[in-house]
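So, here come the structures, one by one.
Both complexes shown next keep chain A, but they swap its partner, so chain B is in the first and chain C is in the second.
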Partner chain A sequence: MERHVDQELNELNKSILAIGASAEEAIFKSIEALKNRDKEAARKVIEDDAAIDALELDIDEKCIDLIARYQPMAKDLRFITTGMKINAELERIADIAVDIAQRTLELVDKPILKPLIDIPKLTKVAQDMVKTAIDAFIKGDIAMAKKVLLTDSEADELRNIIQRELIEDYMEKDGTTAPRAVQLLLIARFLERICDHATNIAEDVIYMVQAEVVRHHPEKLK
Partner chain B sequence: MERHVDQELNELNKSILAIGASAEEAIFKSIEALKNRDKEAARKVIEDDAAIDALELDIDEKCIDLIARYQPMAKDLRFITTGMKINAELERIADIAVDIAQRTLELVDKPILKPLIDIPKLTKVAQDMVKTAIDAFIKGDIAMAKKVLLTDSEADELRNIIQRELIEDYMEKDGTTAPRAVQLLLIARFLERICDHATNIAEDVIYMVQAEVVRHHPEKLK
Partner chain C sequence: MAKIITKDLNLWYGSFHALKNINSGFEENRITAIIGPSGCGKSTMLRVFNRMNDLIEGVRTSGEVLVDDMNILGPQADLVRLRKKVGMVFQRPNPFPLSIYENIVFGEKIHAERVKKDKLDEIVEKSLKDVLLWDELKDRLNGSALRLSLEQKQRLCIARLIAVKTDVLLLDEPCSTREPQATARVEHLIRELKHKYTIIIVTHNMQQAARVSDDTGFMLLGELIEFGKTDVLFTAPRDKRTEDYITGRYG
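Our next item is the complex of A and B:
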């Protein structure tokens, strides 16, 4: 028999998926704006962030409301509090898309510094990590969450490659490239921070699942 | 008559103050290590982060345990869930101190690029914002929280001054300064991210206090 709380937890799942989809879309659009040197698209990413902020508050409110009305124990309570944390991470990811859009607005009036190859690669890694981390939460799948943690070193490496190239092949050789190279370097770091948020989500999922496993042995949590 | 839950909420307050103090200390020590070009001190900041991570998990566990045992309503529940969020922000602040320490390790083997003036200034702003935001939470003081939000533009401005100087006066004029200038630029951005975390805490406090104010008018939260 399905409990009424299960329906509401299912709604929470859907809301997390929705804010996750919005955050992923914001990342995608911010990098498209950069690739296409499209100011209008960059401004749209910045504008659209208000809706994601509102979604975050709404989900947060629903979580508190769920706890207050159902007074859930153990597994459900942990699912809700983890949902609250993941909600906050996803909102921060959308904020980073805004940061990327702002750097893009700085860049598009200046001549192209270099073709973008590794930044789109890193974007792909970041998007996959976010998607997998959200899936891991919805399914309570610890193996998927661990996959996210393993991918993080790949993101770090790509970020380092981008940073090294911008410093050694551009800024050091020709200082006048610095204003543009710095913007690209920051965008690479923003993307890597998105990967860090995905890692945080994955860690929260692992913690949620493991705490559940040991819930019949509460002494392990002390 | 004091309720037993009040004692435990008071303990939660103390734990948040403790992790806040550890995070503030980590920021301070990371910038001291940079100023003194002290590798040993930078490594110590990195090592000490594990204890702050453990403290965060411990506080998180206590919060879930408090909710499960007392099934608190309205005001207390909101205080606890806000405490969980602030706990996460403070742990992230300590992570940024680790980032600063890592940049410091990159810098200290190279010649000094410039005397540090604005970075210590920005550090002071960041420390004050974190301290005030935690105080605002403990006291439930919305005016203090708003003060933090107002200070954030000061932090942005200092970060912009530092960034502009490093690009225009160093990297553009002499490209060979780029490897060092980029590290300092990243440190300035890390400090500004600490200010962003303080802003998040302040926003959480305002939301907590306001939700409490409107709790007798639940339609305002829909």
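Our next item is the complex of A and C:
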């Protein structure tokens, strides 16, 4: 039986897909700006964040409205509360893209420290994790959510490699590289944070589908 | 501890199988809500607990219902004692056409031979205090109970059960025709009463069941589909049929 609320839940689903796509795009664009040393593009990422913030507020309001008007239960309730949490994670991811863009603005006027190899790799991992986590939410797909959780260690490892290289090969050898190396270190840290947010989304999806809390309970994933 | 336990409980109205193999336990000092669509058997089950169905012709039961470990469906069951112990309040409250005072002491007068006036006064005060009506009604105890508001009548009917020292309160749709504030007051009362009584409430209002109860059972077509803690049942039901019903997909 098609319920009136189904139409509104579908709309909520679409809005979360939209904020997810925007957040994912913001990550991509912020790193492109870094790679291309493109100040204009970095500024655009910062500028575009206002639209994502507005979308977040919209979705939040929509969720509260749905709860107030329909008093949802069970699967519906889990979908809406998960939607609210994921919404906040995605907005935070977009904020991190802004952080990356700001570091980029600091870097572009200085000479290139090193060619970027592992940071784009980490970016790809982060972007894939976010995309897969959003898809898992939209489709209610546990297997996809678990895939995100398994990828997180890959992100940690890449971050460690980047960190080690920047400290050992640059900062320790030549102190004058520190201002630029620190910016890159921060960017690597930001990308890893994005992966952590994707992990949170994946854990929320598992709760939404299975009604089981896996957050802070890694043993439940085995 | 379970106050009421059903074991393979079946009930037929003639050839209609109204309750099918119900196995459940109703805990003391907890509020249990029974929900389900019209005709699912929830009111029938409630009425089994003090044998109200006996009044309907052609009723047949099998299995056991243990109240304090005594099978109330057995031939040795003492119905007067049972109905004193397990009292019911109906959807439409039904005070006797007597004064407020007489309504409350009615049961005590039947169950005990001679009771002193002081003792009756004490019962009236305590019972009305328990249902949070004493302050409102203490100056008009001799007024007719029929002139009370619907909500007051309902409280009075609960007070009438409390007066005979009932253990179990069966409430059939206690707030079906209430405005929100009156509903909130009745729900507050139910929560207060659970500290002293075992409460079983039948309701088609799911939000009410979710708000007020500790445990919830979902019934469908005479079967108890799912029974468990209310917070779990309403957020993460195990059975698809429960899920469909509480999210409004049933039908």
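Following the convention adopted for this analysis, the second predicted complex is superposed on the first by the 211 of 222 C-alpha atoms of A that agree within 3 Å, B and C clash if a C-alpha of one lies under 4 Å from a C-alpha of the other, contacts with A are read in each partner's own complex, and residues count from 1 in each chain.
The rule is short, and it goes like this: a contact is a pair of C-beta atoms (placed from the backbone, for glycine too) under 8 Å apart; a residue touches a chain by one contact, two chains touch by 3 or more.
Source: prediction; values computed, not measured.
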Which of chain B and chain C A:5 touches, first, second, both or neither: second
Which of chain B and chain C A:73 touches, first, second, both or neither: both
When both partners are placed on the shared chain, which of chain B and chain C touches more of chain A: B
Which of chain B and chain C A:171 touches, first, second, both or neither: first
Shared contact residues on chain A - chain B and chain C: 71, 73-74, 77-78, 211
Chain A contact footprint on chain C (complex, rising order): 206-207, 210, 234-237, 242-243, 246-251
Touching residues on chain A, where the partner in the complex is chain C: 1, 3, 5, 71-78, 211
Residues on chain B engaged by chain A in the complex (per definition of touch): 57, 61, 63-64, 67-68, 71, 73-74, 77-78, 81, 84-85, 88, 163, 167, 171-176, 178-179, 182, 185-186, 189, 207, 211, 221
